[in-house]
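Below are structures written as structure tokens.
Shared between the two complexes below is chain A, which has chain B as its partner in the first and chain C in the second.
What follows is the complex of A and B.
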């Protein structure tokens, strides 16, 4: 039964890839495909020979710290970005690593002073001979894929307001769609679509409804004006339904009392569309459906986690679903055509909510775990970094499992945390985390999305595991904060191979095949900003490895 | 940027060790250097370049002159407060970060000079609007700044017609064009903008209350033992000059007023709610003969955690001791009102 379902899934995933990009041997989008599965049908490297994997070549990315790029491979060219701007976009011969061109934009001096989060970059998108990259200075740029020359440039957002671009955009037909990160100084999120050829704006959709629009009355007073709900993560696209899927960030400011009642009984003050999954019509940007995972958020349970599109047997029927491992600790299965919630199960230890009411879709809160003005909720799980952060998961249609780099941290938090403003004083409590139940800080796990349960897990005493890749070779690859890059048996989680890259790995690996040879690639370069506000756990992260910046490409030895 | 120069800390260390160049002279020895970190674009506090330089930069010059040192600046925008300190002072790019809250808890890794100036939040109104109590502003349009403690305070009390602005300057602009009747902003900024841009037409009233008034200090690295006492001496000597500077930049000088004081109505309402919902077990007016139920002793028993204990106990109850949970029975407003009453009767 499962086997049959798996086969139909392979077929459906292949059909999801836009025709122009149908290179099953490459890696044409951030998530491998626009369904974000991070699954590759390549199988030359498998459980029996992975132990022989060795370094083929290495590229220095030319910058240190916080490397989060997913390389793309289109034809025989590999595209990869560095952090800091990006400082460089490289186009390489995917066989040898020889550089074909390098795009090194002028990034405004001192931009780090403005960036909300870090100076990371998560890579490029590709379509129709163009490479698209978002920059810290708030611009989306289209490059000629052959030469690296700028074709057009559009300002998405003003970086001096603390908003930046660091995720690759979503490709949908003739459009390229992006949001932005940040908004610490007050922002109202939006998604914007540009024509791939001309860079002309096609549509723009606010993620916080304005006056007169449905949902505007879910905000107290004028709090919608700077309500946050920015879109800093990765989108997905279903060409058959012509829907784009994105998760939105937490509402702003953090103090819930500014946006509604300071209570689990928030009534209509849900703060739409913050901490929400949105499905948008790709042609117009119209919001077709939404599902809000954390209404009236008070924990920074940002819902930007990527949606992975799959066709799963639900209630005996193959169903088009979107899968999300949310910051708030629940794993959601949503019907991706209608937005109907199909299941919501905790994938990490959580205590802020008992469960999710399947009739209303709302979490059943534990009132004493909601931070409030002058009230510090203690030992709240998960920590604000979430049950899963940005590091991408992978769905393997062969095993039917999702591989999740999960976090196991808890926190104390009060609901009156002010936003920092220049020249002003206040004491800001840093939500220093503590390890969650079990004492481990993270767990790379296999999750059955149909049964809603964990199949296996590898607990780690350090936090911040890297993103996942699964392959038809029966393997799952991921890195960790100590710099180890690992291959696991996809069915058991048993480690079959590991290699130390010298700096922490947060990014997800890819695999591709050229001239009959399969390669596996991953960037290494420890996160820099995350440890700075994690107290003693942050110190452990910094101590684990130095900063770094390298692309490692692996191969099997030639016989 | 400054690595080739001798920092003041090093010079002071040399002085302490008895080096002959303890007193720099105009001829011969190069003057020592006070390396200052400050925001390049944040008047009235600091600004890079010609023209008005801000109170903190002028203060740094006065201190340097007193120490016989020259100044050297590393400019860093303080859009993210603690990160700016980490990337400048703690990264060794300067010896002194001017303008941090005088509070050891702010960043335990930073040493602090003595405090030299009182700063805090203020309410800004046209002179004809008299504000003696916060409630005097009910029914008026009031500007609050996104994410500020006053946005939270007004939201928690409810019933205010608030308009939210991104920062102080936008809020004061709105006041200037009469789009609002009052603005809750950071006092020094309000005083400065009022003096320079609004013709001094507005009244800037500093507000007293928990978390609303602060003392300003200079941040130092913990390893710069020698610099701290020197700065403290200079700051003590310069106290009159600092007051003059504050006046020149328009900082408010009036004593802070507690706009929540004498909130007799709220206390009375809280007593009424208490007697209606709680007095069965805790006695009328919370004066219980049974010490464990005498709620006048909450503060004595729980100290700084009193409010948190109160909230958890009321919301979740203490079933093992017979205290029911009130989460579903009382509204958040009622619980807050009860707290206002209990707060007023603590021993």
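What follows is the complex of A and C.
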């Protein structure tokens, strides 16, 4: 009780998310707002009535592969994408689920070979009457939000090199900004911005510096040309600072020897800007600051996890921070204006590094836990899927807590030295997963980002929990691989309600209000490709539920 | 009001379905009982509280093709199949939807080419601790109901000739009886019975008589060898009479010239037992009586629709009848012991025949409406999909009414003379569909089988309504192509409740009771292949909803 009271106090001290980022009663961006908080001020559904929650309607998405989409709600229209590229973008009446239009682009045959991790899609972005969606075929498309007709289409990248688009772009003023995947295919990453109206390219920033640019000397020889550091995840935007934040992927190839020494003594070969958080000037794409969480990565500790922007009391001062639960197992708090590292604490069991040196920002590595050629590092934690993967976390300014769908897997992993072939995997996969300390495979947890410690956690014997939503109703919502969609008490983690959707849930829920009624929505549909990498643990995932593909929308009974 | 009162009186006179066929509170056979009434005595959910119905849980079926499965509930276990052959048989906790076992047989690659009308499956049958399922690969399999392990497997037919199993078999005493599809591939039909315990074949009855057998001379030359008359639908069983009832498919090929004269003057060439209702002795498979609804069929007026067994007051006498809403548009009432035709009335607009001659049982054909080689019959009603297709009807002994998911399509159709090639379509498709009189494409209707007239109807501008369920709660449930699942007042057809499942519903609902709680369940998932035959009308179907594959289970709120 004392701890809860203290938390309440913290919450009352906290300023909310910056006013300019504040939510309407819709859900206008992938992360709820461009701060990626996934917090909603709606409170009609709360701890006392959530047990009555029921399905209002369902939409079949017409596809069965990994469903990862976050719907948007703008006005009374709900936009959601299916998997397969997307196979479909749907615009629906957000009250009834009746389809207003459907955009069903041709998905090139055989495109699956150019994806590392399934033919998924995470949703659309919205601005000024247009809906923007990235496609597996390397195109960013702008659709008329009323009709679904293509307004413009831009080729971001040639997908046949193994570079696909699967995340919604970031909206910043008049621009729409996107990256692409390909860190497993030897792509060299970049971000590109287009004018929302015309589709004209405004800027392009390489995430692996070329010759003559600062950071290019962090790569051995010509390795920068295939350096990875792609941007396949979700961006954030702070309109006051006019900064866009993105995490970059692992460097290519996975084995470190192509990019520097095959050891933890990598000296200058940090391989910038791989596994890095970047802050870019929204108007020009200039990199204003960077923080590399895993220098010379050899574990696939991909740094793409989303940055959540919040204003937190750090050292007694309200501070604009960016929060990141990194694949590498550290939870980072970074001053989002200066890039200064404020804290780095393990949120899951970690043994590849002892700590992070706060002076240099560098992890203090445990040398025997780095995979090397002809050397198998054993019992390395976390597993390459990370302490958290792409499934989004949520920051609740009322509790001051971050809700993290964390993973608890470790691995044995050998180094490798693959040969590059265009459009093929640029890695040799040799990693055996196992459950981490405690024997559970995942844990949905509440994390205090100021104290750098866990507040509560719900361990799950199976892996791959779904993304999080927190609300002013004192609730946190998330799904699991067994298909259960749950509402928890945000302060205690106690389960207050659950519903069986019949297929695994990876995607994150949203909430919105229309005509005085609050709805909660989530996409259900088990991950398809991830189990293929996980041996016996993957078999457990497949056995947990069939593939699926449905949007579920929930409401309270009308009387 | 007067009419309703009269109906009530009729209902009170009616004996219920024969006692031996009476339902438990589960759902033990495809048609609810082996009389195929699809009527449940459960009444906790009724006209006054159905508006509160809500989703209890959902199961993703892991497949997206035409979903046609009726679940069974035996004890506290619910059994349901997916499409694709089936791709999966699921056994679930009928309260929570938690999967107990899953049977996922290999589905041969390319099997789709041997199916006329998609890789669907209509569900399982149950008897004495075993679950029986027909597979597209021509096998009937017995599974242990507790574990899902194969007890035995029998090859019914070689699927590579274009003969697949897609319907659950019929249970009769110690036997399990099945047919197969193939009327579009020149298969010669038969029914086969196996011992439930051992899988040993007990009898086999050809539905096209061979040389020397009565009826063989109803075929021109050797045409009987490719005669069709396959049994791909659902059987009924009357344990008192020990008779099994099945409808047979169209003759092969579609065009009549191979099988007799290419005209309505077909003389003896009726092509027995195609488009026929058969009553067979359950122990021996002997054909006890037959009634051919469409002699020398040239329209694909496939006669497979299910026989519903009821005891009705005919001519003032309670009479054991079999009811059939035929593809050819006539609603037949047949004495189910003797095979005597008691009535034949059009339940949809018909113009291929003026009437049925009650003395001979033969339709009085309109010659110009028969398609012939080099002759296109125009505006023929009904369309080849029939006045009703496989979607099951329901008989409610309380109202005395049959609830029919009827179709209202007509066509222009030419005759054809195809060449036989093993494993290929044995037909030339040349039929253009159009909406029938009134402009609507379908109508969910209540039909008085004694008076031979429609009592009420709900026209739908789109085709392909879902199968029916009636209950003692005064309700009729069915779905539609837009994905809405509806509860109607059984006496008036008034819609009392609807729910948007997000994909078209063709399958029929069921209801069951467990721990004092009544559930209603239905499989959602739009037909995939039927629209391909329907041109612009098919496009409307595809646009109506995405493909899907989910079992929805509904309940009343607990308080």
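Structure notes:
What we mean here is this: the second predicted complex is superposed on the first by the 521 of 559 C-alpha atoms of A that agree within 3 Å, B and C clash if a C-alpha of one lies under 4 Å from a C-alpha of the other, contacts with A are read in each partner's own complex, and residues count from 1 in each chain.
Throughout what follows, a contact is a pair of C-beta atoms (placed from the backbone, for glycine too) under 8 Å apart; a residue touches a chain by one contact, two chains touch by 3 or more.
This structure is a prediction, so every number in the text was calculated from the model and none was measured.
Contacts of A:112 after superposition: chain B is touched, whereas chain C is not reached.
Once the two complexes are laid over each other on the shared chain, residue contacts for A:522 go to neither chain B nor chain C.
In the superposed model, A:263 lies in contact with chain B only, and not with chain C. By the document's definition of touching, neither partner reaches A:510: not chain B, not chain C.
In the superposition on chain A, contact of A:334 is made with neither chain B nor chain C.
In the superposition on chain A, no contact is made by A:402 with either chain B or chain C. Those residues of chain C lying in contact with chain A across their complex are 52, 54-55, 57-64, 82, 88, 90, 96-99, 102, 483, 499-503, 524-526, 543, 545-552, 557. Put simply, chain B touches chain A in their complex at residues 39, 42, 45, 76-84, 86-87, 99-101, 103, 105-106, 119-120, 145-149, 151-152, 155-156, 162-164, 166-168, 186, 188-189, 211, 214, 216, 307-308, 311-312, 315-316, 327, 331-332.
By the touch rule above, chain A contacts chain B in their complex via residues 110, 112-114, 116, 162, 184-186, 220-223, 225-226, 252-255, 257-258, 261-265, 367-368, 372-376, 416, 418-428, 532.
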